[in-house]
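Before anything else, here is the set of structures, which you'll find just below.
You will see chain A twice below: alongside chain B first, and alongside chain C after that.
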Partner chain A sequence: MNYTLQFGQVTPYLWYLAGGAWIALQLAVVAFIIGWAIGLVCASITEYGPKPARIAVRSYVVFVLNTPLLVQIFFIYFALPDYGILLDSYDAVLIGLALNAGAYMSEIQRAGFRSIRREEIEAAETLGFTRVQSIRYVVVPHILKVLYPPLSNQFIIITMSTSIAAIFGVEELTGRAYNINSITFRSLEVFSISAVYYIVLTIVASTILYTVGRYFFRIKGSVF
Partner chain B sequence: MPSILEELPRFFNYYNSIFLAKAFLYTLVLSFVGCGVGFLAGFVLAILRTRRINRWAGLRWLATLWVEVWRRIPFLVKLMVVFFAFQFAGGNVSMFTVAATTIALSASAFSAENIRAGIESVHPNQWDAAETMNMGGLTALRRVILPQAWSVIIPPSMTYSVGLVKSTSIASQIGVLEMTSVAKILNQKGFSAALCFGSILLMYFVICYSLNRLAAYMEVRLALPRNR
Partner chain C sequence: MPYLEIDNLSADYGKVPVLQDINLAVERGEIVSIIGPSGSGKSTLLRVLTGLLKPRAGSVAVAGEKLRYDSPKDLRRAREKFAIVFQQFNLFQNMTALRNVTIAPTIVQKRKAAEVEAEARALLEKVGLSHRIDAYPDEMSGGQQQRVAIARALALKPDILHLDEVTSALDPELVSEVLDTIRLLADDGMTMMIVSHEMGFVREVSSKVVFMADGRVVEVGPPEQIFDNPQTQRCTDFVSRILRH
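What follows is the complex of A and B.
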């Protein structure tokens, strides 16, 4: 054992790493929003669409859920150029993350749709609600409350998955950790510090999501 | 598309097929060893977090801290930390050990959560009843609580294991010869990327889909009579 930990050599780069965390967060937010939209469309088609579309969407979802994100992005980044689709690494990672998240969020939102019972809408009709009103005041609040916890959980998962972008040379948190590692060679220090960054990042994100859920959707639960 | 069909026989020649089959086995063994060790570690952690058995709060917090820390680090970063931590400790270990340890760390965190949820799903009166029968904490766990908890523990643990099988693809970053790194090697040998990555995507799909189906089957099979 002739390796001594020297965190001092890494400290000049702490702000640089924090910038990486910011990029990772941006990547996660964009991927989450696109993935949410994909998931909403896919969930609506699986629940209410015509049969051929339903089969197509189901096979996309099942295939993506059962294959690794890394290999999916490898496929997008290395195989698609053969067919004339050239993407730079950031876009390839973003598309991969969004398609992956879309499949997961399709399953989540499908469960959300299923949680609405016919009786709720009938009750709203009995109270004289119009169709728009019953969706606005009965269905949407209910769905939001059911969907919020799993969707915020999915956001945390996406935030952690953005570290895969480093493999494709995107300079987010892990990518910047690779850079610092090749400048200073203090590998263990660099990667344990970036691990702490991820822990702080996800705890902050969980806390914010929890607070929003608590005050806007009245969801009980805890951060941990 | 036609170019891929022409390339198929050349891609699946004898040596490539053996290479891919070995990688397939490697991925399976890596996942199995990692998840197995991790599940056992998670079991110990869950026991440490159970108030009825471990009455020392400090140890309970340590177990919680362990779970929270390893749950919140991305697999790639965890892999790097484990890799360089082994180097720091001066152990000359194989890449398989590094990858399996990383998987075991992830598995220990999630299975601790699952097992704890399983233990908590059993009504607390059962603990009291066991205590009345003069059973100690561990005996009560083994004879009373766990037989009722398995149905809550096993299905989600299997679903999470699928996630870890998918995570093994990231272990290609330290050069273990599992499926993803084999696909990269074949791609660098000049085979088209669509074929290399497409074929391992299918191989991952075979593993993960069957595991998921098994988890769904177990969920129905293990369901307690009252939930059926």
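What follows is the complex of A and C.
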């Protein structure tokens, strides 16, 4: 194979790609926040809710966990218009990512609820804590600490998943890389540069997450 | 009049009766140890007294005043007067040793932080942990954690300290450091109710030993009586079985 790397043809597009990375990050952050909220509600209902609500929530979670993200977004983008729900591609991808993340984060947060230590709450009770005080000082800090690492992982996974948006014509990082590829045909250069952008994105995110984890939750770990 | 008076106290776990007609009096400064086979209700008695399990019948009186465990006000009073230390320490994992000790006086009694902290430091020094003040529970040995738990229980200045098998979860070489701490409290005249399997220790520190079986108090007496000259068959059997090895 005789292939000469010609990054020069791609370098004019570096800022264009950086803009795509910024859009990918926005998608990931918003999808994560919505997904986290959905997950919290679903986890609470699954663990403590009435039976009918529990069944509804479980159906959603099981359905999402057992179908591909791409199919879910196809459904939202192409099938929902049949029911009069017409979404532009960015919104469809965002909703798909959030609903998908919500199901995963429901399972993660359920594990957090399950890990509550009854004995610590009893100790708080005998020391005279009110119910609110034991939630505030004992339960919540414990759950946050348990949930922090898996939720951080989930955020990184969502960041990777945003690349699916390219299929729907959203011009995030992969979408823009695809555009440049069809102009320059320098596939190797274009996609390796976009890979570097993803790596930079996730390493920066991981470093921030680890620093926060170490400082606030005494979680030991490192990016590498 | 005894400081603590337990009168015909009964309690159930679901439908299973675990305490039946318990009668017991504890004077101020007394150290009452409760021994007996597992499942005899020893720990349950401490759980009822400290408000973790509602009694079904009977009464508890402190300094002549009845405590009603179904009244939130009385429950608060019980929790201020009675402190408990658990077998598994049950320290707050997200707090340092110092914070474990200061938190209850700060948020429950709403006392001044500086004053509480000075007292907590003194308490931790007393249990021999002034060098571990900033350590988290998962950084400490079981013996150290249990001593923090004792300091935490003392921080609210309770009238009675309940110790629920506090050495049972410890490695053998760590037992003595916790027992030494309890001896120190005994020397200070702290009123204690101790559930323990450390018979040598029980015999040494107790002013009174209670033998329980099947949720009932079977025999009460000074340690010499319970260990050397028990008056009931069940107590005789139990003592001969545990002293054999």
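Annotations
Here is the rule we go by: the second predicted complex is superposed on the first by the 221 of 224 C-alpha atoms of A that agree within 3 Å, B and C clash if a C-alpha of one lies under 4 Å from a C-alpha of the other, contacts with A are read in each partner's own complex, and residues count from 1 in each chain.
Note that contacts are C-beta pairs under 8 Å (C-beta built on N, C-alpha and C of every residue); 3 or more make two chains touch, one makes a residue touch a chain.
Just so you know, these numbers come straight off a predicted model, no measurement behind them.
The partner that reaches more residues of chain A, of the two candidates chain B and chain C, is B. Contacts of A:Ser163 after superposition on the shared chain: chain B is touched, whereas chain C is not.
When the shared chain is aligned, no partner comes close enough to touch A:Tyr148: not chain B, not chain C. In the superposition on chain A, A:Ser194 makes contact with chain B only, while chain C stays out of contact range. Of the two partner chains placed by the overlay, only chain C lies in contact with A:Arg218; chain B stays clear of it. Residue contacts after overlaying the shared chain place A:Tyr16 against neither chain B nor chain C.
By the touch criterion defined above, A:Gln133 reaches chain C but does not reach chain B.
Of the two partner chains, chain C is the only one that A:Glu120 touches; chain B does not reach it. By the touch criterion given at the top, residues 64, 68-69, 72-78, 80-81, 84-85, 87-90, 162, 166-170, 172-173, 179-180, 183-184, 187, 192-194, 197-198, 200-201, 204-205, 208-209, 212 of chain B touch chain A in their complex.
The touching residues of chain C, counted against chain A in their complex, run 50-52, 76, 79-80, 82-84, 86, 88, 90-94, 103-104, 107-109, 136, 152, 156. Listing the residues of chain A that touch chain C in their complex gives 117, 119-120, 122-129, 133, 137-138, 141-142, 145, 218. Of all the residues in chain A, the ones that touch chain B in their complex are 1-3, 5, 62-63, 65-72, 74-75, 78-79, 81-83, 160-164, 166-167, 174, 177, 187-188, 191-192, 194-195, 198-199, 202-203, 224.
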